[in-house]
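Note that the chains take the letters A, B, C and D in the order they are written out, and that residue 1 is the start of every chain.
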Amino acid sequence: MGRLGRRPREDLGPGALPTAISSLSRALRGGLGPETFRKAKFDLPEAVAELWSLLFSLLWPIHQEGAVAPRDPPDALEGQIRFVKWVLCCYGYGRRHFYQLSEDGSYGSYELLLAFSWLLVYLSLPERFLCLNCVHQGDDAWICLCKDLASYPVSLALGGKGRVDIRYVQWLLGKLRFQWRSLYASQQEQCTLLNKIHLYTRGCHPDPSVGHLSVPELELLRFPESSKQLLQQLESENSCLEAFLEWKHMELVYWQWMDTVMDANPIGIPNAGKQDVFLPEILQYCSPKYITGEMDRVQKNLEALRQRLQETVNQQRAAWHTKVSRCSRRLPRLSELSTAMMKEIQETVGCELAALEQGCEVKSWSHRLQRLVFREAGEPSNSGTHQMTKVIQVLRREEASLEKTFRRLQEECQQELAILARGLEGVIWILPPYQRW
Amino acid sequence: MLPASCSHRLVTELQGALAACQKKEEALQQSIARCRVLLQPWEVPSPPSPEPARSTETKPAHEPTPKELKELELLNQALEKALQVRKGICQVQSSKSASSGKTAPSLVTAQAGPGARPRTSNPKACVPAKPPPTSQRDSGRLKKPARASSHRGKAPGNALTHARQPENSMPIEGPSLCPLPSQGQVPGLPTSTPVSVLREAGATGPSPGPEEGKIQPGLRSEAFTLKEKGTQLQLPLFYKKIASRNSSLWAQVQHYQSSADTAVAAAKAHFMERMKVTFDLPGPAISLAEIQEEVNRLDQACHLLTQHLEEALDVNGEAATASLSWEQEYHRLVTLEGLQAAVERHLLRLRELRDAEEQWLGPRPVESSLWGSALCLGGKGSSGSTNHIVYSSVEELQTMTALKLRVTMLKQQIHLEKVLMEELLPLVRSENPAGPAQVALYRAIHSQLCEAGERFSILVRDEPSV
Amino acid sequence: MAQSVVVQVGQCGNQIGRCFWDLALREHAAINKKGIYDDSLKNFFRNVDTRRNGDGVDISKGKIRSLKARAVLIDMEEGVVNEILQGPLKDIFDSKQLITNVSGSGNNWSVGYKVFGSQYRDQIVEKLRQTAEHCDCLQCFFIIHSMGGGTGSGLGTFILNVLEDEFPEVYRFVTSVFPSGEDDVITSPYNSVLAMKELNEHADCVLPIENESLFDIVSRINQMVTSGKPGTTVKPESLITLNEGGIKKKLQEKPFDTMNNIVGNLLLNLTSSARFEGSLNMDLNEITMNLVPFPQLHYLVSSLTPLYTLADVNVPPRRLDQMFSDAFSKDHQLIQADPKHSLYLACALLVRGNVQISDLRRNIERLKSALHFVSWNQEGWKTSLCSVPPVGHSHSLLALANNTCIKPTFIELKKRFTRLYKKKAHLHHYLQVDGMEESCFTEAVSSLSSLIESYNELDVTKGLPIHDPLRLNIVI
Amino acid sequence: MSVVTVQLGQCGNQIGYEVFDTICRDLHNSQGFCCKRENEVYQASCKEHFFNEERSGVPVARALLIDMEPKVISQTLLKAARSGRWKYGQHSHFCQKQGSGNNWAYGYSVHGPKHEESIMNLIQKEVEKYDSLRGFSTIMSMAGGTGSGLGAFLTQNLRDAYPNSFIINQIIWPYGTGEVIVQNYNSILTLSHLYRSSDALLVHENDVVHKICAKLMNIKQISFRDVNQVIAHQLGSVFQPTYSSEGSCQYRRNPLGDLMASLVPHPEFKMLGLRNIPQMSENSLSYTTFAWTGLLKHLRQMLISNAKMEEGIDWQVRPPLLGLPALEKVPHNKESHFNTSIANLVILRGKDVHSADLGGFKDPALYTSWLQPSDAFSEWRTHRAFNKYEKSAALVSNSQFLLKPLDTVIGKAWNMFASKAYVHQYTKFGIEEEDFLDSFTVLEQVVASYCNL
C-alpha cells in the first residue's frame, strides 16, 4: 500500500505550523484554527472559551468510556471547566496555576495551551481520540477486561438517616448476582447469533483473511437507507486519519513552536505558593482510602512472599551445595562441564522469569479492538491474527488465580467469624451444608 | 441498621456495580436485537431514496488517482482470493444455485444501477432503483464507475460470480471489475436492495416494492433468510473502497506508532522537561491513576510470582526432591533467586508508590471511590488497528465470553468482598454479641462474607422453643 | 408400567385366585373393547403367541393373541387346581405355572413350611423366576392364602420368605384369610400364630380377611336381592354377583364363590389405580408408603362399597356420599372390626369412576370428625382417583385402614392359641417335623404379643389431648 | 430468552399441559382487545418464549415431560397432539415403569441418581435447540415422590450444570389433607432442598385454587382439571409477554430473570405467592365490566389482608402507620392480620392499561422496613388482554403470604417426626434422621426470617 505523507522533511516551510495545527485540529475533529493557538501563546482571552471546550470535548468521552450510565455532560461552561480541571488533576497535572483559573472562563488561554500540549504528550491525545472514535465495521471483540463492568458511583438519595439494614445490602448483592447471570445468558445468546451470521455469510467478505460479513456490514446491505451513517462515519474517520498522518508528519514543528511559547511565558509567575486552593476539593472524588488499603494488602503479600523465598532459597542453596560437593567427588571434571550448563540454565531461567514479568502478555494487544473472525478448525489462518484458544488459556489462568484469591478472602472471614461465634452462648451454629454451587 | 458511613459506602458500591451491569446488559440487548433482525427473513425493502447522502455532497470531488486505481486492483485480487476460499466452503450451495438459477430465477432482482432493469421481470414490479443522473456532483469521486455503469443491465454479471459469468464482457476500465449494483452512485449511498446484493445476479425477479415500509404481499415470497442465501451476499463496491482506504490509513497510523520519530520524541521530552523545570510542576511524579494501576500490577505480579514459586517447588513433588539431578537443583535455585530479586524490586516500587501517594494526599482521608475501576484509560498508546481474533466454533466463542465475564465478575466480587470486609468486620468485632440485632447482623455478615451471599447459616438455641 | 404376579397357595388361595382371574378378565374385556394388548392388561397378563414353540413368545404390543395369567398356582392337593385347569380359565394357565402334590399338609403349618418348603424350594424358585422373567418391571407379588390350614399357611409363609430372599426389591402383599371363631380345623390357632410371625417379619402389607365377615356381607346382599323392594333390583351385571356361572339365583347356592368374588374384587380395586388412568394415580408402592408408619404395623383393614348396584339411580350424590359412609361402617369391613370406634393410624380411599376431587374432599370433611386419628397423623388420608369404574357400577370405593381395630382379631387368635398350647394339645404333630422346636411356638406367640402391645400403646393415646412436641428454637 | 419447562410427576405433567394449552388458546384468542399489529408482536413474543417453531407449523412446546411411570405422560402427549394447536417434542419425554411411591427418598436417592444421565442429556438436547437459555421452570407437586424427590434432585443437578441459569420451581402445595399421608415429610424435604438450589419457589396452593374453583368459577363438581386450569391461567397471566419497560412497546426479553431480580435477591426469602383478579367463569365474564381502580383496590387489599381471592376480603386490615418503632420480634402465631411484603410485582393486561394507577402498591407501609418501594415494587404491563379478560391483574408477591401454610406443614411434619412415624420408609433409601433435622432447621429459619420482616 502506498503511504501517504511520507515526504521528506524539507517540505516543512514557514507555512508549516498553521498546516500542522490545522491538521491536528482536524484529526481531533475540533474546529480550532491556528489563530486560536497563536492567541493563546499571548494569553489573549479570546481563545479561552474555545480551548476549554476543546479540552472538555476531548476528555469527556475518554472519561465516559469506562463510566456507567452515561451522565449528561454539563451544559454550562463552568461545569465543563470543573470537569477538565478534575480530570487533569487525576492525571497528575501539577501546575497550580491552571487550577486557579477562574471558572467563568474569562482568562487563561496560555495556561490552557500548556495543559493541552501536556495532554498531547501524556495521553497521546490524538491517537487515543482516534481509537475512541473508531468506526466499527467488524464484530468487535474486546479481550480487554478493564472496562467491562467498571462501575462508577451512582449518586444516591438515601432516605431518612441514610442508614440501611444489612438485609438491604444482601438484597443488592443478590440482585447483582442475578444481573451477572442475565449478562451471561445475553452474552451466550449473542455469541450464538454472531456465529450464525458468520457461518451463513462465509466467503462473502472481500478480505479473505476475514472471510465472512460482520453485523455492521450486513446491516449495510439490509438497511441501505440507515446504513448511510456507517459510510459517512467511515469517510469522516478516513479524513481524520489523513489529518492525523499529516499532523504526525509535521508534529515536530509544533513542538518547536511550543518551545517558543514557553519562552514567551507571558504570565511570568511560576507557581503561586498557595498549594491547597483547589486540590482538596477536587480530590473528593478520588479514593485514596481504597488505594491505601490495596497497598497495605499488596505489601503484606509481598513481604510474606519475601519471607518465604528467603527460607526456601537458603534451603535450596544448602541442598545444592551438598549435591555439588557429592557429585564433584565422583566426577572431577564436572566443573568444566557444568559451567556451560549453568550458564544455559541461567539463561533459561532468565527467559522464564522475563516471560513471567510480562505475565499479561495478552493484555498488550487486548485493549485493542479486534475484529472477530470465524474460521473452522483446519482452515488456514493468517499471521497477525490472535487465536481464541490462547485468550482462553490466559483467561483460565486468571480465573483460577482470582478464584483462589476470593476463596482466601472468604476463609479469612470464616476464621475470624468462627472465633467470634464461640462467644455466643447456648447457641448452636449451623453452617450451610456443603454444595458445589 | 448499619452506621451511616458504612451504609453509604456499601450501597454506593453495590448500586454502582448494578448500574454497570445494567448498562452492559442494555448494550448487549441492543446488539442481540440487531443480530436477530439480520437473522430474520430479509424482506424486500423500499427502494432507495433518490437523494444522495448529504455528507458526500460536502466532500470535494476529485478524480480517482492512479493510486486509487492501484488500490482497487489490489482489492480485486483480494476478492479473487476470497472467492477461492468461498468456493471451498459453499461448493454445494453454489452448484445448487447455479443449476437451479437458470430454471427458476427467483431471488434476484433489479439492478440498482441507473436505469438498470431486470431483463425478464414483470415490468410492473420493476422499479428503477435510482434515477440515473441525479448525482453528478457526488459521483465526482467515482466518475469512472459512473460511466461504467451506463452499461445497462450489465451489472448482474459479476466478475466474481464464477458460477454464472454473464454474457457481457467486462469493461476494462477500473471499477467495473466490480460491477455491483450501485456503480455510478456515490459512496455512502447504497441503493441496492438486499435481494439485489445477492451474488447470483444473473437471473431476474420482481424488484422491490414501491413504498417504504410496505411490503407487497405478492412479494413476500421473496423474503429469504441469511441461512439460505447468506453466502450469496456481496458488499457494495463503494463500501469496499472506503473500507480498504480506511484500513490502509490505519495501517499507516500503526506504522507511525511503532516507528518512533526520534526527533519528535526528543522534542516532546524536551517539552515535558521544560514544563517541569520552568513551570515547576509540583505534582508528584506519579499520578493517582498511575498509582492505582501500578498497585494493581504489583498485586498481579505478586500473584504470579507466588504461583511460579509453587510450580518451581512442586515440579517433582517434595518427596522426590532427593532424586533431583543437579541441573534441576540448580534450575530451582536460580529460579528462586530470580524470584527473590523480583520481589525485592516490587517492594521497592511499592515504597516509591507510597511516597508518591503521600505527596498527593497528605494525611487527609477522603471517602468514595471513583478510581476503583475507571482506569483503563491510563493505558496509553493503544491503537485501533483492526486486528483479527480468530475463533473456530461457537463453543469456543462462548467459552471465551463466559470466561471473560467470569473473570470480570470475580474481580468485582473480590473488590466487593474487600469493601465488605473493611466495613462489616469491625462492626461485629467491636460490640459484644448480645442483642438479637447483633446476632442477626452476625448471621447476615457470615452469609455475605463467607458464602458469597448465596447461602445462610442458622442459629438454633440449645433448648427447644416453648 | 409395572407388573404384578399372583401367587395363590393352598385350597383357599386357589379358590380366591380363580375368582380373581375370572373377574380380571371380565373387567378388561369390558374396558378393552378393541382387543388390543395394552399397558393395563400387561399388569396381570402376558400376551403370548402360542403358535410358536412351546411357551410361546411374549408380544408386547398389538392385538391380543393369547393371554396368560402372571400367576403361580401352588397346592399340595390337586383338587382345586385341577378344577381350574378344567374350567373355563384353563387357557390362561399352563402346567409350567403349577406346583401340586397329592398328599396335602394335613392342616399342619410345619408340614407346609418345613417339609414341603424344603422339598419344593428349588422348584418354587424356578417357577417364580420364570414368571418374573416375563415381566419387564416386576413390582409386586400378591400372595393369596389362608392362615388356618396347612398348605396355605405353612407353604404360603415359606414362599413369603423365599420371595424376600430372591426378590428383595419386589413388594409382597399378602391376602390372608383368617380363621373364624368356630373353625372346623382344630389346629388352626397354631397354624395362624406360626404364620403370623412370618407375616410380621416378611410381608410388606397384609390384607386380613375373615370368612365370617364375608359371609355376613353375602347374606346381606342376599337379603337385599330377595327382599325385592319395589323398584329395587340388583343389576345382574354387577361384579359382586358375577362369576363363572354368575346369576343371582345362585347366590344362595354358592355363597363361597360370592365370598371369594369379594376378595377378588378387593385385589382388582386395589390395583385399578395402578392399571388404569385417572386424575390422581396411586401406584402399589404408595400403599405401603402411606399406610405403614412402622414396619410391623402393616395390617390393613379393608372395606369395599358399594357391594351391589341398585337399579334405580335416582339420587346419585346422596348415593355417592352413602358409599363413603358405608366404607367406614362396621358392616362393610372384610374382617370383623369396627374402625370407627378405634384409632386410625392412616386411611386410604381408592375411588373409581366418575368421582372428582371435590367429592372426595367433601366426604373426608364430612366423615373425619367421627373418626379418631392418632395424634401425629391427624390428617392421615391417602386418596386416589381412577377414572375407570368397575364393571356394572358407576363408581366404587375401596377403603384401607391401618387401624387398631385389628387388634381384637389378634387377641382372639392369641387366646385360642394359648388355650391349646397350655394343654400342649396336638403339639407332637408339629414337633415331629424336622426343624420344629417348641421355641418356634414361643417365639411366634411373643411376636404376636409384641404386635398386640404396639397396638395397645397407640390405643391408649386415643382421646387424650394432643400436645404438639416442642419445635426447634431459632435465635433470629 | 428461552425457558425450558420441566414437567415432573403426575401433577407437574397435568399442569404443564394446561399451561401450554392456556397459552396457546390465549394466542389464538381473537379478543385481544388491541390492534392487529400489537397482537402480532405479542404472539411472536409468546411463541418465542414457549414454543419452537416446527416445519409443520404446529408449535412445539419448550417442555420436557418427566415421570417415573408412563401413564400420565402418554396421556399428556396424546392430549396435546389431539389439540392440533400445539404439541410436545417428539423425544422430549422420559419415563420409567414404576413410580416413586410417594416416597421422597425414592425419587431423590434412587430414581434421581439412576436416571440422572438420561434426564440431563435430554435437557441438554433441548437446550441446544435454542439460541439462548435463560432458565428453567419446573412444575412439580411437593406431596408425591417423583415431583418432589426427583424434582429436588433434578433442580440441584440443573443448578450444577447450568450455574448461570435462573431456576424457578412451580410448587403445587398439597391440600391440607387428603392427598398423601406423608406429604408433610415430602414437603419439608422438598422445600429445604429447593431452598438451596432454586432461585424462587412459586407456590400454588391446592386448597386456595380449589376454593377459587368453587367460589369464583362456580364449579359444582371440581376436578383436578379445573384446579389445574386455574393454576395455568394464573401462570399465564404472569409469564405471557409484557412490555419491557414503561411506555415501551418492546416485549420483555427475560421475564424470568426480571421477575427474580425484582422479587427474590435475598437468599432467605424465596417463597412467592400468586394472586390474580378478576377470576370468573366464562359465562359471567361476558356480563361484567371492570375498571382498573376497582380491580387494583381489590388486589391491594388481597395483598395486605392475605386474602386468597376476590371474595371474602377482610377490608378492616390497614397497613401500620409508618414511623412506629419496629417491633423486635412479632411471633407469627399472634393475630397480626397485616401481611408484610418484601417485594411485589404487579402485572397488568388489557385495555387502557397505561391509565392504571399503581400508587397504592408503592406505599412504604406495605413493605418491610429495610426495603423502599422503589426497590420492592415492580410493574409489568401490556395492552394485550389475556385469556378473554378485558382487563386483568396478577400479583406475584414475596411476602408473609406463605408463612402460615409453611408453618403448618413444618408443624405437622415435626409432630410426625417426633414419633418417628414413617421415618423407616425414608431411611430405607438413604435419607437419615439428620437429613430431616437439617430440613427442619432450614425451614424454621425461613419461617423466623419471614416473621421478622
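To be clear about the criterion, a residue touches a chain if its C-beta (ideal position, glycine included) is under 8 Å from a C-beta of that chain, and two chains touch if they have at least 3 such contacts.
Quantities reported herein were computed from a predicted structural model and do not represent experimental measurements.
Trainee: My parser should flag the chain pair with the most contacts; which pair should that be?
Mentor: Highest contact count belongs to chains A-B.
Trainee: Please identify the chain lying most centrally, where each chain is represented by the average of its Cα atoms.
Mentor: Located nearest the centre of all protein C-alpha atoms is chain D.
Trainee: Farthest chain from chain A, comparing Cα centres?
Mentor: C
Trainee: Taking each chain's centre as the mean of its CA atoms, how far is chain A from chain C in angstrom?
Mentor: The mean C-alpha positions of chain A and chain C differ by 80 Å.
Trainee: Go ahead and note the Å separation of the Cα centroids belonging to chain A and chain B.
Mentor: From the centre of chain A to the centre of chain B is 15 Å.
Trainee: Centre to centre, by mean C-alpha position, how many angstrom separate chain B and chain C?
Mentor: Centre separation, chain B to chain C: 74 Å.
Trainee: Using CA atom averages as chain centres, what separation in Å is found between chain C and chain D?
Mentor: The separation of the two C-alpha centroids amounts to 41 Å.
Trainee: Which residue numbers or ranges of chain D touch two or more of the other chains?
Mentor: Where chain D meets two or more other chains at a single residue, that happens at 164, 196, 267, 329, 441, 444-445, 452.
Trainee: If you look at chain A, which of its residues touch at least two other chains?
Mentor: 164-165, 167-168, 170, 172-175, 177, 179-180, 182, 184, 186, 188-189, 192-193, 196, 427, 430, 432, 435, 437
Trainee: Which parts of chain B, given as residue numbers and ranges, touch two or more other chains?
Mentor: Touching at least two other chains: 29, 32, 402, 436, 439-440, 447, 453-456, 458-461, 463.
Trainee: Identify every two-chain combination in which the chains touch.
Mentor: Going through each pair of chains, those in contact are A-B, A-D, B-C, B-D, C-D.
Trainee: Quick one: in the complex, what on chain D touches chain C?
Mentor: 10, 14, 69-72, 75, 96-103, 106, 145, 175-182, 210, 213-214, 219-225, 227, 329, 410-412, 414-416, 418-419, 421-422, 424-425, 440-441, 444-445, 447-448, 452
Trainee: Over in the complex, which chain C residues touch chain D? Could you list them?
Mentor: 1-2, 39, 136-137, 139, 277, 279-281, 283-286, 288-295, 345-346, 348, 356-361, 364, 368, 375-383, 385, 468-469, 471-472, 474, 476
Trainee: Tell me, which parts of chain B touch chain C in their complex?
Mentor: Residues in contact with chain C: 436, 439-440, 443, 458-461, 463-466.
Trainee: In the complex, go through chain A and note every residue touching chain D.
Mentor: These residues of chain A touch chain D: 159, 164-165, 167-168, 170-175, 177-182, 184-186, 188-189, 192-193, 196, 430, 432-433, 435-437.
Trainee: List the residues on chain C that touch chain B in their complex, please.
Mentor: For this pair, the touching residues of chain C are 470-476.
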